[in-house]
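Here come two complexes built around chain A, the first alongside chain B, the second alongside chain C.
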Partner chain A sequence: MPIVVENLVHIYHEGTPLEIEALKGVSMNATPGEWVSIVGHTGSGKSTLAQHLNALLVPTRGKVIIDGIEVGTDSKEHRKIRQLVGLIFQYPEQQLFEETVFAEIAFGPRNWGVPEGEIPSRVSEALYLVGLDESFSKRSPFQLSGGEKRRVAIASVLSVRPRYLVLDEPTAGLDSKGKDELCALLEKLKTSGTGIIHVTHDLELALDFSDKILVLEGGKALLWGSPEIIVEELIERGIEGLVMPPVVELARRLRDVGFDVPVTWKAQVLASAIEENLQK
Partner chain B sequence: MNFQKELIIELKNLSFFYPGTKRPVLRDLDFKLRSGEWIAVLGANGSGKSTLAKHFNALLVPTQGACFVYGHDTKTNEGQFLARKNVTLVFQNPDNQIVAAIVEEDVAFGPENLGIPSVEIEERVKKALKVTGLYDVRKRPTYTLSGGQKQRLAVAGAIAMEPACMVLDEATSMLDPKGRKEINDVLCKLHKGGMTLISITHRLEEIVYCDRCVVLSRGAKVWEGTPRDLLIMGDGLLEWGLRVPPLVEVWGRLRDAGLLSDEVLPKIDEMVDALCL
Partner chain C sequence: MKFLNHLTLGQYVPASSIVHSIDPRAKIISVVVVLSGIFAVNRIDSFLLWAVVLFVVVKLSKLPLSMVLRSARPVIILVLFTSLIHLFFTKGEIIFQYGFLTITLEGVMMAVKIGLRLVLLVMYAGILTLTTSPTELADGLESIFSPLKRFGFPAHEMAMMMTIAIRFIPTLLDETDRIVKAQIARGAELDQGGIIKRIRSFIPILVPLFVIVFQRADELAVAMESRNYKGGEGRTRMYPLVWSFKESIFMLFTILTTLLIILLDKRIWL
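Then we have the complex of A and B:
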C-alpha cells in the first residue's frame, strides 16, 4: 500500500486577506522500501507538503491517501495515519524532554497503548537501529552530543514502528561524518522496508540516495522522477533559483564547449568521461 | 608589493578549559593572522572551532597561553578593548542576530553603539548595504527577509562597524545553497577590498577562495597550509572528520591523471578553461 498525493492544493487562511496558496496542485507517491526526496528552497512548500503526510494539515483541495486512508475525511482515522507515518521535524533534538533516554524513546509507544511489558524491547530495538548501545538508556538526553541527541530523537519515532518516516532536513547542522552516519541509518531502514520521505534543500544529497525526487518551486511540482531524469531535465531546462550541484554544472559547461560527457552528478563517472575525452 | 603586513591576531600556546572540566577544548594553539588575509578554520563537530572563534574578540580568554590582538593580550583591559573594537563575529543562526525592525536601522545599530557621528553612520550604512546587495530592501521589515538576506544583513551590520577583521562562525550552515552562494560572493568582494576574514566551517567547498587553512582536531592544530595542499589530501581528510566534496573529487582524479596543472584550483571556471587548452 502506498502514499498517494493527487493534485494537492493547500491554502493557508483561506477567505481572509492573509490567504496564501502554499501548494498549487502537487502530485507524488511513495511506497514502503522506497526513498523519496522532496527538494526545493525556502518557501517552496516542501514543509507544508510534509505535514499533510501525517495529517497535521488537511488538503484544501485534492487528495492525500496513506495506505488507503484519506487524510481529512474522518479525523478519527488520523490516529491510524500518525501511527503509520512518523514525522521528524527539523532539529528534532530541540524536542527532547524526558529525564532519561529510555523514557524519551518509550514515550511514543506508551502513548499508543503498547503493553508495558513490550516497552523495553521496543526501546532496545530503536536504540539498536540508530546505532546507540544499551548504556545510553539510563543517561539524560540533555547530556549527549548533538549527533547523539538527534539519533535519540529519531529513535523515539522509530519505537512506534512507523511504516513511513518523513524527515524535514534531517542532516542540517551535522558535519560530514554525522551526515554519512545518518544517511547510512536511513538506507538501512529503507532496506528493511520503511518508506523514507526526505525533505531537503540539498539536491546533491537527494541525488545520491533517492529512488525518486520531487522538485518543488513556489508551491508547484517542477520535476518528478528518478535522479537520472531530474539531472537531465535540470541541464536541459535549467531551473531558476535552484543552484545546480557543482559536478552537474561542470558537466554542463564541458558539454557546452564540445566535450562528450554524460549528464551526471557522480564525481567518478564524470572524471572517467573527461579522461576518455582527452585521451582521444 | 609583499611587504610585511600588519599582524592583527596572534595565538601563543593557547589552551582553554571550560570551568570545572579537565579535558582541554583547545590545546596549545599557535598561529598568526595578518591584515588582508582570509583564513579558514576547519574541523569536525566538537573540534573546538567555535570556542576558538570566541577567543578572537575576547568573549573567552585562554586558560593557558595567550591571544594577542594588535599586540595586546586579550586578558588585559587594553587587549579586550582592541579585540571588541576590531574583531566582529557573525554567527550561525540568522534569526538570532537581528536587533532592529527595519533593515537599515539594524545595520546602523553597531556604529550607533560605537558613538559614531550620525552623518558618518548614514554613509557607513549605505556602503554596507551596497556591498551586501541589500540596498534595495533597506526600508523592509527585517522579518520579511529570506535566510540568505538575513545572514547578509548580519554581515552588513558587522561591516558598518568597520572592523579590521570579521570572523564568520559557520555563517552559512543554516542556509540553502542559494543563500550560501550569496554570502560567499559577498565575502569574496570584501576580501578583494582588503578586509581580513576568518571563516569557521566544516564545508570544504568554501575554502577554495581562502589564502590559508588551519585544521583543528580535538582542539589541537593538526595542519596548516594552502587550500590546494589541503584538498590534494583527498580521503586522507576523513581522519579529521572532513569530507572532500564531489567537485574536488573530480579535480583530484584529473590532477592524478596529469590533466590539470598545479595552479588550477577546484573552481568550475578554472577547470573548464584548463581542460579546453
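Then we have the complex of A and C:
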C-alpha cells in the first residue's frame, strides 16, 4: 500500500487578497521501505507538501491517498492517517512539554490508545532506536542538551510505530556527526520497512540516501526520479537556481573539457574514473 | 500555513496622506480633544456635524471609507445592546406599547444618540490607529508621558514594551501554529471531550510556547545589550518626532472645531 500524490494543488487563503498558490500540480509516490526526498528552496512548497501527507493540510485540488485513504474526503479518517504517517517538524525539540522523557515519548502512543501495559516497551524501543539509554527516561526533557532533545522528540514520534515517517529538515542545526547519526537511524528504519519521506534543501544529502527524489521549485515538480536520473538531468540541462553538489559540478566540467567520466555524485566513483583517464 | 492568521492585528494602513504625515503626538492629543468633544455634545445635529468632520478627515487620509466604517465592527454588539436598553427603558411620551415593552419618543432619541456617540468614538480612534504605525504611536505616547518621568513614571520602558509586544505578535502566532500542528501530528485531540479534557489538551501547546517566549525574550535582551542598550537615558531616534507649523495648525483646527461644535450644541449665542 503506497502513498500516492496526484496533481496536488494547494492554495492558501483562496478567494482573499492573500491568496498564494503554494503547490501547482505536483505528483509523487512512496512505499514502505523506500526513502523519498523532497528537495527545494525555501518557498518551493516542500513543507506544504509534507503537511498534506499527514492530513494537516487538505488538497485544494488533486489527490493525496495514504494507503488507500484519501485526504480531505472524510475528516474522521484523518486520525487514522496521522497514526500511519509520523510527521517530524523542523526543530522538533521545541514541541517538548512533559515532565519526564518517558511521559514525552508515551504521549503519542497514549493518544492513539495503545494499552498502558504496552507503553514501557514502546518507550524503551524508541529510546533504543534513537540511541539513548534507559537512564534518560526519568529525566526532564528540558534539562537535556540540544542534540538529546531532538532525539527525544524523534523518539516521541517513533514510539507510535508509524508506517511512514515524514521529516521536515531534520538535520537543520545539527553538526556533521549528528547528521550522520540521524541518517544512519533513518536508514535502519528504512530497512526495517518504514517509508522515509525526507524534506530538505540539501541535494547532496538527498542523492546519498534516497531511492527517489522530487525536486520542487516555485510549487512545481522540476524533476522526479532516481538519483541517477536526477544527476543525469542536472548535468544535461543544468537547473536554474539549484546549487549543484560539488562532485556533480566537477563531473560536468570534466565532461565539458572532454574527459570520459560517468555521471555521478559519488566522490569515490569520480575519483577512480579520473585516475583511469589520467593513466590513458 | 497558518491556522491563526485570520486574526488581523495592528490595523495600520500605510499611505502618503497629510493625516499619515502628521506628528503622532498631535494626532493622539487631537483624538483626546475630539473624544471629549463628542462626550460634551448631546444633540443629534451635533453628532451629524461630528460625522461630517469624520468624513472630511477620512477623505484627507486617502483611506477607503469602508475601512474606517469597518473599524467599528468589534463594538457593534455593544452599541446595539446599549441602544436597545435605552430604547426600552427611557421614560417619557409613549409611542408604542406591546405587553411589557414600551417605546417612548425620548427612548428612540436616546438610543440613536448613544449609538451615534459610541460609533463616532470608535471611528475617530480607528482613524488614529489606521493612519499611525504602532511604532509611531509608542513614540508619541512616550513623548507625551515623558514629563511624568520626573515623578518616576517609566515612559520610555512602557513605549519599548509596547513596541516589542506588537512586534512579536505575528512571530508568536507562527510559532503557535507550528506547535499546534506538531502536537496534532502526535495524536493530540484539541477539540474533543469535556471542558476539563479540553483545558488539559492545551498543556502540550502552552508549555512549549512559554519555553519559546522566555527563550526569545532572553535572546532579545542579549541582542539589545550587546548593542549597548541601557534604557531611555540619552537615547536618540532614527526618526525624531518633529512638531512643526503644520502640527500647530492641525491642533488649532481641532480645538476650534471642537469648541465650535460644543458651542453650537449648547446654543450659547441664542
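The rule we apply is simple: the second predicted complex is superposed on the first by the 280 of 280 C-alpha atoms of A that agree within 3 Å, B and C clash if a C-alpha of one lies under 4 Å from a C-alpha of the other, contacts with A are read in each partner's own complex, and residues count from 1 in each chain.
Keep in mind that, in the parts below, contacts are C-beta pairs under 8 Å (C-beta built on N, C-alpha and C of every residue); 3 or more make two chains touch, one makes a residue touch a chain.
What you are looking at is a predicted structure, and each value in this text was computed from that prediction instead of being measured.
Once chain A of one complex is fitted onto chain A of the other, the partner contacts of A:A103 are absent, as it touches neither chain B nor chain C. Counting the residues of chain A that each partner touches, chain B and chain C differ, and the larger count belongs to B.
By the document's definition of touching, neither partner reaches A:V4: not chain B, not chain C.
After overlaying the two complexes on the shared chain, residue contacts for A:V243 are found with chain B alone; chain C is out of touch. Applying the stated contact rule after C-alpha superposition, one finds that A:P92 touches chain C and leaves chain B untouched. Contact with neither chain B nor chain C is seen for A:V58 once the two complexes are overlaid on the shared chain. Once the two complexes are laid over each other on the shared chain, residue contacts for A:V160 go to chain C alone; chain B is not touched. When the two complexes are overlaid on their common chain A, residue A:H201 makes contact with chain B while staying clear of chain C.
Using the contact criterion defined above for the overlaid structures, shared-chain residue A:D180 touches chain B, although it does not reach chain C. Of all residues in chain B, only 44-46, 146-147, 173-174, 176-179, 181, 202, 205, 238, 241-243, 245-247, 249-250, 253-254, 257, 259, 268, 271-272, 275-276 touch chain A in the complex they form. Touching chain A in their complex are the following residues of chain C: 1, 175, 178-179, 181-189, 203-204, 207-208, 211-212.
Contacts from chain A toward chain B in the complex involve residues 41-43, 145-147, 172-180, 201-204, 241-243, 245-247, 249-250, 253-254, 257, 259, 265-268, 270-272, 274-275, 278. Chain contact summary for the complex, chain A toward chain C: residues 12, 22, 48, 51, 54, 56, 79, 82-83, 86-87, 89, 92, 94-97, 107-108, 111-112, 142, 156-157, 160.
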